[in-house]
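Only one structure is covered here, and it is reproduced in the block below.
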Amino acid sequence: MIKVAILGATGYTALELLKILARHPQSDVVALTTRQTRNPPVTEVHPSLTGLFDLPCEDLSHEEVGRRADIVFCALPHTASMDAVPQLLDSGCRVIDLSADYRLDDPGVYEKWYGHVHTDPTRLKSTVYGLPELFRDQIPDADLVANPGCYTSTSILGLAPLLAEGFIEPNGIIIDAKSGVSGAGRTPKQGTLYAECNESVTAYGIGNHRHTPEIEQILSVVSGVSVSVAFNPHLMPMDRGILCSMYPRVRTTASVDEMMAACREFYSGQPFVRVVEHIPATKHVAYTNYCDISVRMNRDQLVVFSATDNLIKGASGVAVQNLNLMLGLDQQTGLI
Amino acid sequence: MIKVAILGATGYTALELLKILARHPQSDVVALTTRQTRNPPVTEVHPSLTGLFDLPCEDLSHEEVGRRADIVFCALPHTASMDAVPQLLDSGCRVIDLSADYRLDDPGVYEKWYGHVHTDPTRLKSTVYGLPELFRDQIPDADLVANPGCYTSTSILGLAPLLAEGFIEPNGIIIDAKSGVSGAGRTPKQGTLYAECNESVTAYGIGNHRHTPEIEQILSVVSGVSVSVAFNPHLMPMDRGILCSMYPRVRTTASVDEMMAACREFYSGQPFVRVVEHIPATKHVAYTNYCDISVRMNRDQLVVFSATDNLIKGASGVAVQNLNLMLGLDQQTGLI
Amino acid sequence: MIKVAILGATGYTALELLKILARHPQSDVVALTTRQTRNPPVTEVHPSLTGLFDLPCEDLSHEEVGRRADIVFCALPHTASMDAVPQLLDSGCRVIDLSADYRLDDPGVYEKWYGHVHTDPTRLKSTVYGLPELFRDQIPDADLVANPGCYTSTSILGLAPLLAEGFIEPNGIIIDAKSGVSGAGRTPKQGTLYAECNESVTAYGIGNHRHTPEIEQILSVVSGVSVSVAFNPHLMPMDRGILCSMYPRVRTTASVDEMMAACREFYSGQPFVRVVEHIPATKHVAYTNYCDISVRMNRDQLVVFSATDNLIKGASGVAVQNLNLMLGLDQQTGLI
Amino acid sequence: MIKVAILGATGYTALELLKILARHPQSDVVALTTRQTRNPPVTEVHPSLTGLFDLPCEDLSHEEVGRRADIVFCALPHTASMDAVPQLLDSGCRVIDLSADYRLDDPGVYEKWYGHVHTDPTRLKSTVYGLPELFRDQIPDADLVANPGCYTSTSILGLAPLLAEGFIEPNGIIIDAKSGVSGAGRTPKQGTLYAECNESVTAYGIGNHRHTPEIEQILSVVSGVSVSVAFNPHLMPMDRGILCSMYPRVRTTASVDEMMAACREFYSGQPFVRVVEHIPATKHVAYTNYCDISVRMNRDQLVVFSATDNLIKGASGVAVQNLNLMLGLDQQTGLI
């Protein structure tokens, strides 16, 4: 049994991690952290975990976490994570970081989009990006894995095969992304109150959403050329799920069927990407680690659909998928 | 044109008041207040009012409000209201208070349930309770009207005819009340986040919800004997609407049809209570000032249903109904 | 008072028409039709209308409707409408047709997209398209007005100013449209069951949605050149509302501010289009006849947002706006 | 590996069964039936199962099902089930019947509430009622298990300990039950359309809901005296979940703490009932096989809360719990 800790245990990604780990046969959760100093039981913070876990959320030092755990899921906010990760690694833990702090290669890009100087810049280039469908070979030996953003992995998984095969232009790809509200986190804000979000659809962060450079960086790696996107996130009145409707320009005479075949080939042997004939729906992937992908032609315009559960394949599910690879287990352990 | 002000203009009840006043032919909104000192335009605070109102929310003194307005809707939190109301009345305004501060007759009861000493206790006994279906004659001449709570008026309107006619026992009436989330207000709290409330039904405030003494006080007035209730509020995953399913004990041989007839008679000439054959649904009254009522017998157990829109008939609609009565207008002005 | 009839009174558009007409001072509803032969009261079909209307839904001949009414709202399904309209016009009524039957100019286009031969083709060219913001001058004298589709008017209102001013390319405009479920009608289908749509976002009708030729026809009239769009409708887990996120290619050096100014100028004097600084949200226009529009630049990609309530500005509200123009009333009568 | 079949594979309970069986290590799904004769792949009927199952839904005879399977989940509508079950048993299968056909002991009661003569009456008395928390000892050797109704098991699990201990009166127990829409099934009906149910709370089936006699029968067995309930189901705008708020009359001087202790004792060793300090919420049990229970005193009125996921603990989860017991497996196999 591997000893696992979660830093930042009070949010939604930690909750989903714990639900998955409850059915994972090789992990033992040994520490949960919070900045609340009264050490609330995890079942008070997350009542749905009653009967599954019986430990407190504690205000632990990184050293103490390092003493207890073999692998740490770091679910801290950005900037808090780049403070914790070096200490955790120094204490001998391996780390799966769910924040944005280690996703970007370039500290200048990080500073531009996140508004903070990166305090651990030398580690950026060598950190493995934890999207197993693209970087599976690098994950087993990694000590630090940067878990992808939810919009990011959903967008990338839909576009990667088409870019890799040269079917679409690498610049100016329009992404119209639609997300459930859980993606906005558990901190109280007026904008994510029930009575504000329910019965409402709107856009936000047009031109400045932080997943933009992450999508571009990884797609540029995949395609070998510089990729640019116009990323347009929208908030949907639902708990969970992301649907990306993506509009790239075609540069091929290949048919939609040929593109679908190329997608199938690209994800051959990857259990969590399903290239489907129907149009993906968030409901079909909710509470699963699947990403559903399909391609359509609307007159002359190619449309690529990609759907995930933002908390599972978009966060905690892929984190456990990374854990499995780091432990040499079947990728699907605990995830079906 | 009557000059109208709203104190506490940033919340949901103020928004609904403004939507109704936009179609009200006799009112002119002259002042909106907030504690925000930068004087935001009301259309920034409530974008849905764009094109309907063009004035700022201001951090005004009660004296200034009194100078500008003839009638003030006070949509402040409890305790803030009992500070403002005396000053507003002194300045010559008439006041419709949407808080709980003037609903209860007894300052001791207020202190027990609200945890604060009442600072304007002498006015309590003489304040008119603004439920027009019961106290219509007292409202036209009132300078201060205490607008009822949302659960309160919904419960009372369903039970009043049956108590007045002696069909049901006055004690131990079980009220299972179901409310949409807008009733919890616009202040950010974890418990009213979308991702907490959506896809969830639960109860809260069992035994200590503050609408309890208000329901009992008014029903005791109606029936002439002391009434007690077990009030059980529940939170529903919807924006707006209250359904009260009420379980009194019967003390009559009258049939359900006779009780329905008595309800119809009781509300004869009252345009906003509809005694309906079908079971009321919140959707049928949403965005209206109606209260729908019906009575059923489930084996030996009487069931009384009552439904309103918590923000309209439960707050801002009945407030305008009171305004109309205070101005000598048709009750329905602006409310159809 | 103008005598008004509604053909096809059991659906959602008829319900919304009736809610609006209940507050319209110049109309008297004299006939409601259904194919149900038992003549159910309209309050049984639509319980929310209790107390507002007291007439049955009847299985009336078009002649009988013509005898009773001055103006008829035809809310029948397509193909049924082109059967009814000639008879209604012959009987001397004026008609506002909410179906698709008279929206397209070309019977061949109709046949291609709707799969039926048009049986009243000669009337197509002369029928006025009932979008007052574009064709206001033609509506007052029309005997037959084709009320626009919901996606259609939302898309057109956002794009028309930019096309008219030559700011954007007329071909290949990508429209990512997001609609609430009420747009799919009240006929029971598995695809619109609550448990299918809730917590789900998906696309449908990619490449074959029937609002495509309607959008193109009207935008071509506006711009004077042939316009083509890639229209991509999506279903959202909410009752009502449409948000169109539109991605045209820019062909100007004008700034976003200049485009916003042009939009304001274009809709000057039009009370129901609001050009807003914030990003439109369906909640801001729900239960209103407003269309909110805004323009953004996302890096090099122009994004045009347009939001309506699909049942009001997208159907029944604009129908009453047309009624008002046909009667020489203020456009806003009954619609604030 | 046990060979498993599901009769009636197109509905929601079958979908949930398949999701659970996908992670169940001891079962092999060998047959799925439908009345559709074109043999659609199960992944077309339920796209969310893509990658998990690869077999068709077939129009199979009961004999053929019997040849293929060891255990059959019968998810047919009532009356269809009592036709199928005898044939399945004759062919040597063991059966878990999810319909209502074998839940009631008395064919007269069945006929009264379901409106059909029972065609297999002799088997009723001997059929095991598949609520493991009450009848765990009878299930392992049963050939036929009647899986409980969703409202039924939720109500029973909350009340059983209090009745068994004599804390509450057995007659006139008021049950105010609140269910998500998935409980109404997947057959298209106007009443379960999204645009009808969303933003609406209402009651239905007052006095005639078919779960009434089932609740009374089982609670009478538990308590040893005749139990009567007033069962009041309500429809909530959510996919899944049941909350029962139950109002029995107390006949004890025991405190709430003592009642809670008695509940804990009663369910000692039962992994799927959680007696919790907080008020249960449907969200805490959604997508799980848990039933959460708690007891409160609201002045003099006892309130018992009980929450489940209607499709899991209320249907497919408890069906697999029964399967596990019938196979001699740990009850929790596949259910965490």
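All chains are identified by letter, namely A, B, C and D, in their written order; residue positions are counted from 1 within each chain.
By definition in this document, a contact is a pair of C-beta atoms (placed from the backbone, for glycine too) under 8 Å apart; a residue touches a chain by one contact, two chains touch by 3 or more.
Quantities reported herein were computed from a predicted structural model and do not represent experimental measurements.
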(message) Count the C-beta contact pairs for C-D and for B-D, then tell me which is higher.
(response) B-D
(request) Find the chain most remote from subunit D, comparing centres computed as mean CA coordinates. (result) C
(message) Between subunit A and subunit D, what distance separates the C-alpha centroids? Give it in angstrom.
(response) 36
(request) For subunit B and subunit D, let me know how many angstrom lie between their CA-based centres, rounded off. (result) 40
(request) Calculate how many whole Å lie between the centre of subunit C and the centre of subunit D, each centre taken as the average of the chain's C-alpha atoms. (result) 45
(message) Could you pull out the residues of subunit B that touch at least 2 other chains?
(response) 180, 196, 198-199, 237-240, 281, 283, 286
(message) Please output the residues of subunit C touching subunit B within their complex, sorted ascending.
(response) 22-23, 47-48, 50-52, 199, 271, 274, 276, 278, 281, 283-288, 290, 292, 336
(request) Write out the stretch or stretches of subunit B touching subunit D in their complex. (result) 172, 174, 176, 178, 180, 196, 198-204, 206-207, 228, 230-232, 234, 236-241, 243, 245, 247, 279-283, 286, 296-301, 303, 305, 307
(message) Touching residues of subunit D toward subunit C in the complex: what are they?
(response) 12, 180-182, 184, 186-190, 192-199, 237-240
